[in-house]
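Note sheet for the following structure.
As written, the chains take the letters A, B and C, and residue 1 is the first residue of each chain.
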Amino acid sequence: MTRTERAAATATWIIAGLAVVFLVTPLVVTLAVSFGSTAVFTLPPPEWSLRWYAKLSRTSGLLPSVLTSLQIAALSTAIALVLGALCAIALVRGRFAGREAIATFLVSPLMLPGLVIGIAMLQAFREMGLRGAWLSLLVAHVVIALPYVVRTVVGALQLFDFALIDAARTLGCSYLDAVRKVMVPALAPAFLTSGMFAFLASMDNYPISIFFTDAWTKTLPIQMLQYVEESPDPTIAAISSGLILLAVIALLIGDRLVGLKRLADF
Amino acid sequence: MSAVPARRAPFDRVSLLALPALGYLTLVYALPIIWLLLRSVTGPHGFTLQPLASFLSDPFNWRVIGNTLKIAGLVTLVCLVIGYPTAFALAWSRGWAQVVLLSAIILPLSVGVVVKAFAWQIVLRRDGVVSSALTTLGLAEEPVRLLFTETGLVLGAANVFLPFMILPIYSVVKLIDARLLEAGATLGAGPLYRFHRITLPLTMPGVVTGIAFVFSLSVSMFVIPSLLIGDRYQTLATLTGRSFLLMRNEQLGSTTATVLLVLAVSVVVAAALVARRVGRSG
Amino acid sequence: MDAFLEIAGAERSFGPARVLGGVDLAVASGEFVSLLGPSGCGKTTLLRIVAGLLAPDAGTVRLDGVDITGKPPHHRDVGVVFQSYALFPHLTVAENVAFGLEARRAPRAEIRAAVSRFLELVHMSELADRSVRALSGGQQQRVAVARALAVRPKLLLLDEPFSALDRKLRETMQIELKRLLRELSITAVFVTHDQDEALMMSDRIAVMNRGAIEQLADPLTVYHRPASAFVLGFVGLSSRIHGVAGAPSDDGFVTVATALGPVRARGTAAPGAAVFVAIRPERMFLSAPGGGAESIAATLRDVVFQGSKVQLHFAGTGADQIVVETAQLPPSGFEIGQPVRISFAAEDALVFPAEVAR
């Protein structure tokens, strides 16, 4: 390598190192604060303690919102997986005009402002007679989950060699058997990782969900923001740490299934 | 030549599998948005641009739009400057360095915006980490308050959106054939020339995607400015949110939502057009 | 010979694997030398060392009197045509060809003239503004050659440039390339695993095996006087008859006792050593019983028709293989199982040590 190349490479690695620190900072800070003993957010904490985690069980409204979020996330992801998988098959194997436009349409909820989508849905659902908060949340969250599923499954299907199904059939399988034995295992990782990301996106969502709350129905992010505005103390950091743990588990599962590198496919 | 022309359906049976998802999205997502747009230009007497006109004639609103664009532009710039080299480092990395980089990029994505925004609130405080770091390094004479400032907002937003700049660029850098750079070298091109005439053009599609993502996400962000910059500084998104949720002014909220939507869609469409032109070879 | 390109003692290992062990090669100005060998023999590694894309562990490379061993590729004035062509996908054909000259900041007019000249030479002028992504394999190949030549490098290296082309196209390109290089008086080193290609194109061939050059000679010598059993086996077909060497005579011949009778052949061997006699199939002839020169009898086992010639395979004992190539079918045809008398000249037979079974 010439001197120029070496200098450029060094600068690149330094910036990447800084980027890593930058990206990890909020997570580290959250964890550190959650284990601190004081109610003030000083870092590093003067003493370590688990009091904020203990307080979690006494925090009103927390458990219901966690349950609501989990229910909505699980159901919306499941529905999105079914709708999305069918749609992905059609996109990859079907022949019809405007496939690219339709694919863009399916992914568009990711690109548009969540707030606008939320407002539009709120007004439209009211007109359509859909008033229940919980049901509205579910309907909205399927829209959030669908792009993740479609994008990932389409990608996996495009990589799948359909000649394998033909090969299985020449070896004696029926069509359904061949699909089950050959295609499902090959696509299972894509389903699982897209399901995971859709689940997390649903758990995290604020701008759409904020329009569909009532006294009994709040998702976790909305509840957390309420805490921040009303009574900020490190309990929120404890909740956040729980979410970080969830994300780490998801990452480990994802790595075991498809490898970190594939998770990074955009 | 057969005498009977084959009859080809415009679509085959497999395509029908797309209908449930498409139908669902159209009903629950596309129609509501179209309806929102229509209603923002419909008054009691039919088509009217009056609400939009009065919105755009208020200089306060122009400041809001200006804020929105300025912040989005700065966030995109910061993400580009940090993200472009990092994407290369990611593509070059092997072994544990790769694991570290990938984890640092993907993990925050999975954690969620509220967690991160709240964490940045802590970090940016007068007595927070950034402030202490700056004073320790001698870059500031006294503790710096970054919370409730544009700088703090840009930092926090850049932190949240950085992965969306890195990953598209990375996916393109990965695809660059090393032989191309070797060919350039054997033709007499030095390292800087090779970067400028081979690497840079080939990474452009990824850069455009990254810019589109980060800019539109920054234009639309709501939670981050709410927590990091407060009520005195308004962006289109926070104004929209406040109109609906606090002020209960649905008329204003719908108008601002429309402006926000048009802005976001323009960004996406512009990016797609640029990407197509850049992707086409010269 | 005043060497234009001189490689001395080139060594290279990748981890525990020694890919090149002390290789020397001298190429004269305007010469076309092929590096011929199986995959893994080190030919591409050697090429990349000459190009500057890989640093040798030891050894030097001198070009036109200058030591270029430590120089990066963009300072070497060595052109490369890659196996995968490595055309810049975001540039047109003309822009690809112009790349090297633009990198050297040549004046615009000179670039334009060079581009049109070299596109002309490879017959790609009409496609000058086409995107390289739309080109066929053969077309891409030509652009790659034009691009490398446009900067008038001192040396042109080619790494199996025709391997992806079908046979007819490959033959056309081989002839065209030779003509082009001759016209421009460019020195070239050509890597290939295809012995027909090497025989056809080269002034000299370096046959490589396991990181060393086993023979460096003109095609005729390599074919008719292979220096080792490996070269013999890699270049062309041969019959092999195993036996035990007798006492050598002083005219450079030795008589070998084989299962098919005594055979006289060129070469030396220790008396009593296990050897085999090799003869090229086209130098063996079918003769009526009692024919002259060296003569053996064998039973016909297989007839392989190849268009312009016929290959006859005969049954041999053990590791023996007997192949005769003839352009003419005898009027009576051939019968499998038929005993046939085969004759050849001792001049054309070579003795090699028998390979030890692993």
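FYI, contacts are C-beta pairs under 8 Å (C-beta built on N, C-alpha and C of every residue); 3 or more make two chains touch, one makes a residue touch a chain.
Small disclaimer: the values here were computed from a predicted structure and weren't measured.
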Remark   = At minimum, the number of touching-chain hops separating subunit A from subunit C is 2
Ask   = Counting only C-alpha atoms to place each centre, which chain is farthest from subunit B?
value = C
Key: A-B compared against B-C, more contacting pairs   = A-B
Key: CA centroid of subunit B to CA centroid of subunit C, Å   = 56
Ask   = Any idea how many Å lie between the Cα centroids of subunit A and subunit B?
value = 17
Ask   = Counting only residues that touch at least 2 other chains, which ones in subunit C make the list?
value = 72
Ask   = Which residues does subunit B have that touch at least 2 chains other than itself?
value = 190
Ask   = At which residue positions does subunit A touch at least two other chains?
value = 2
Key: Of subunit C, residues touching subunit B in the complex   = 51-53, 72-74, 76-80, 82, 84, 86-92, 95, 99-100, 102-104, 131-133, 147-148, 151
Inquiry  = Quick check: in the complex, which residue numbers of subunit B touch subunit C?
reply    = 177, 179-180, 182-190, 193, 197-198, 201-202, 280-282
Note = As the complex stands, subunit A meets subunit B at residues 2, 4-5, 8-9, 11-13, 15-16, 18-20, 22-27, 29-30, 33, 41-43, 83-84, 86-87, 89-91, 93-97, 102, 105-106, 109, 111-117, 119-121, 123-125, 127, 139-140, 142-143, 146, 150, 197, 200, 203-204, 206-207, 210-211, 221, 224-225, 228, 236-237, 240, 243-244, 247-248, 250-251, 260-261, 263-266
Task = Note which residues of subunit B are touching subunit A in the complex, please.
result = 10-12, 14-18, 20-22, 24-25, 28-33, 35-36, 39, 82-83, 85-86, 88-90, 92-93, 98-108, 110-116, 118-123, 125, 127-129, 159, 162-163, 166-168, 170-171, 190-192, 195, 209, 213, 216, 219-220, 222-223, 226-227, 237, 240-241, 244-245, 250, 253-254, 257, 260-261, 264-265, 268
